[in-house]
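One chain, chain A, links the two complexes that follow: it is found with chain B in the first and with chain C in the second.
Entry: the complex of A and B
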């Protein structure tokens, strides 16, 4: 087991109290697994991604453990985490466009970054990796402003994975890109895993159809908790959680026209995480809700590799 | 109703404005009442610039945009034009002033266009307009923008546009900031408005959304029309290599991307290698009835004469 997360709780401090953005999350990611992490805004997916590498100032680690390759990560202690960042756990941030230093040429920036970690890298290896993501070595002599959004995104991908991390977190890496660059970037992620540069990966996204293209498993979050985790095909074809079902059926696909088939959204909106209701958090919007939903359903395995948090799914 | 004829937009770039950048060149199409036309393109294709020109937010450099036969740039009173044509944009959050309550957008419409209308009558009008976009007036009126969701804010902006009995709505990427579970409702709303006779110019980069709601599709590439026609024909039988690439890149549920990248070999150019008796309208060939396609472009077609 590469990554084991047990009952992780992360809250945000606000003036009005604690926002329980991540409220008891347990799952595992196997070696070589690409896990898609899907959910709407406010579901806690980005909080989960971030808390595995760096909690920002407003985030507080309330409880739970994260274990990577048998070593417990000190997620609550930013200074102690520094030893693991970049080398064991790495991240491709959401806005790679602004992640690069605009005053440095790419090559110089990479060298400085490595030097700060006391590492050196063979230039030939760097060029090989640029080639892997479809960039020529010329980019090393260019400034970030000279590259397109998709190119910058891929430069950041190379930089993030220079030290062959065991776990890579890709946070909404394709959201700001055009469809054709989206495809190239998504395929690059796949290439990083297939060539063994990255052992396993968590791809955070709101776009299920995109992550379905590359992920082995998909985990769906709702209002700070896990709703369902299953192999990608199972999530798309036989989802068990009512939220996943409604979400999948609300996605328009190429070929679906309103005149032929009218899709519908999910009525209502997610609960406030400042003071979340007891029991299942999807209860108010769920067409299948019944009395027992007032009690929180456990996230249990209903079939091999398929876990669901719903009383009706078991 | 709305007609664009050879519309171009040229920006002056460089230190002293010495160079020209053609953001849009020679675009012609029209939007009829009760029709959704989607304008699809990647970033930099000029799709938003076109929307802005239709809304008179920026003037066209060449060509004409006419609304009911009148050149929009010649219309003296902007107010009269905006009574009939309104826009809704991508980011609903930045359309509201966070200091004021969200329904101030309605109050501003009243102040500007209906100053003499009575309070009760106006209230009824606001409520029926909110009803039209399926918002519960009790839930959204009197709230501040941060108390409402993106979908609610976006629908309020549509309701605001509808207060004016508009005939054309320019919807520029109105869905992209919304969550999956609510975006389909806004999309369905556009479909319902069409049924009431509203013409909609739906600007988007998302092919599946454009396909879901529109009657006709215009695919833009580098400021030019690559392909246009009835949506089912453009998506069912894409003729331009660019449209095909776009369609292949769209992530779909139930089907994974094909493993093989399409061979980069020479494919026939849909414009220059057209069948001998194909009708031609300026630089577009009418391959099927009302289905127009342009030259494959430099790199893919030896006969291409594309200006940089």
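Entry: the complex of A and C
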């Protein structure tokens, strides 16, 4: 087991109280697995992604453990976490376009970053990695402003994976790109896993149709909790959780004339996580809701590799 | 790049021309007649002698010519390095008077500007990362930067000079001394320099510290800092990068503040009777000394323009984005 997360709870401190963005999340990611992490905004998927590498100033680790390759990660202790960052867990952030220091040449920045981690830069290896994503070595002598958005994204991908992390978190990496760049990025992510530079990967996204192309498994989150995790094709073809079903049915299909069939959205909106309701959090929007939903459904395995948190799915 | 500097130089040239023209005009708008005041100083009773002297002086200073001709002659003389003759300390050339005063002003201004900028930036960056210091030093910084230079100067002169009596409050050296290269004289110079320097330094220091503190806090929330932290970069590296980016607006700020600092120094000199350019301006106004006033302003204009140009160049060196912008324009 590469990554084991047990009952992870992360809250946001706000003036109006604690926002329970991650409220008891347990799952595993196997070696070599690419897991897509999907959900609408506010579902806690980005919080989960950040929790595994770096909590920002307002986030607080309330409970639960994260274990990577048999070692527990001190997710709540930023200073102790430094040892694992980059080398064990790494991230391709959502803001790749602005992730590079504007006043440093890229090559110099990379060298300084590695030096500050006590690692030595191997220029030949760096150039090889740049070539893998279709960049020439010239980019090392340039400032970030001289690169296009897509180039910056690729540079960040190379930098983030330079120390061959065991786990890579790709946070909404395709959100700001046009479709052809999205395809290139998706392919690069696959390549990183296939060449063994990265052992396993969590791809945080709201775009199920894109993550379906590269992910082995997809995990769907709703309102700070897990809804469903299953192999990618199972999630798309036979989802068990009513939220996943509605989510999939909201996606347009290529070749289908939408004049004949109106796309159905999901009526309603997710509950506030400041003071979330008891029981299943999807209850108010769920067409299948019944009395028992007042009680929180456990996240249980209903088929091999397929876990769902719904009373109706079992 | 050369096109960029060419354009800059053109703007500086234009600024110079306009500023010097205004400098020429300002004294001539002042009420009073310089020749008349010279005559009354001479204290001559005979009307014929007075008339003869008036004719002589008026001709000497060129006041009998039409204004446009005076203006043209002024430029012609200026381009030959001739600033005219002082009325206040007649017949010393204005250039000599100014050259004697310039070292004092530079000796005050250059250390005050540079040290306050460097120290203020360092301190601001330091305070930004310590909450207790931020909470105590910040209000002090706001008070300092809001204080008018001469007001702080008066306060310091009163507190340290009059009440405590530890430092002298007037002149550049003891009135009992003649300038010489002795340790005693140098000690006296430093002693007299401390208070005017301190009043300039403190006000500017507060401003730079606050600016830097705000910039560092902003930069530490920038994406590139979050990325570095996510990859476990050392705090030292993060701080260095943030400082380097935060310093850019401070350089622009320095260019903008330069004029204010110079003006502050001039007023401070008057408070402490410090024999620099500020002191000269006061004397020139009191004595209707057109030429000295013109000359002093000219020096200040040149000084500010040169300093601004240096800052322009420095900015290009530290911010790669300006260089790239130039590359695209050229």
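Assorted remarks:
The working rule: the second predicted complex is superposed on the first by the 314 of 314 C-alpha atoms of A that agree within 3 Å, B and C clash if a C-alpha of one lies under 4 Å from a C-alpha of the other, contacts with A are read in each partner's own complex, and residues count from 1 in each chain.
FYI, a contact is a pair of C-beta atoms (placed from the backbone, for glycine too) under 8 Å apart; a residue touches a chain by one contact, two chains touch by 3 or more.
Model, not experiment: these values are computed from the prediction.
When both complexes are overlaid on chain A, the residue A:300 reaches neither chain B nor chain C.
In the superposed model, A:237 makes contact with chain B only, not with chain C. Looking at the shared chain after the overlay, A:195 reaches neither chain B nor chain C. Touch criterion met: A:206 reaches chain B, while chain C stays clear of it. Once chain A of one complex is fitted onto chain A of the other, the partner contacts of A:101 are limited to chain C, with no touch recorded for chain B. Within the superposed three-chain model, A:90 lies in touch with chain C and out of touch with chain B [touch as defined at top]. Of the two partner chains, chain C is the only one touched by A:145; chain B is not.
In the superposition on chain A, contact of A:180 is made with chain B only, not with chain C. By the touch criterion stated above, A:41 is placed in contact with chain B alone, chain C being left untouched.
Within the complex, the chain C residues that touch chain A are 222-224, 226-234, 236-237, 241, 244-245, 248, 318-321, 324.
Residue ranges on chain A touching chain B, taken from their complex, read 40-41, 149, 178-180, 182-183, 186-187, 206-210, 212-213, 236-237, 246-248, 250-258, 262-266, 269. Those residues of chain B lying in contact with chain A across their complex are 42-43, 149-150, 179-185, 187-188, 191, 205-209, 211-213, 231-232, 235, 245-254, 256-257. The touching residues of chain A, when paired with chain C in their complex, are 53-54, 56, 78, 81-87, 90-91, 93, 95, 98-105, 112-113, 116-117, 143, 145-146, 156, 159-160.
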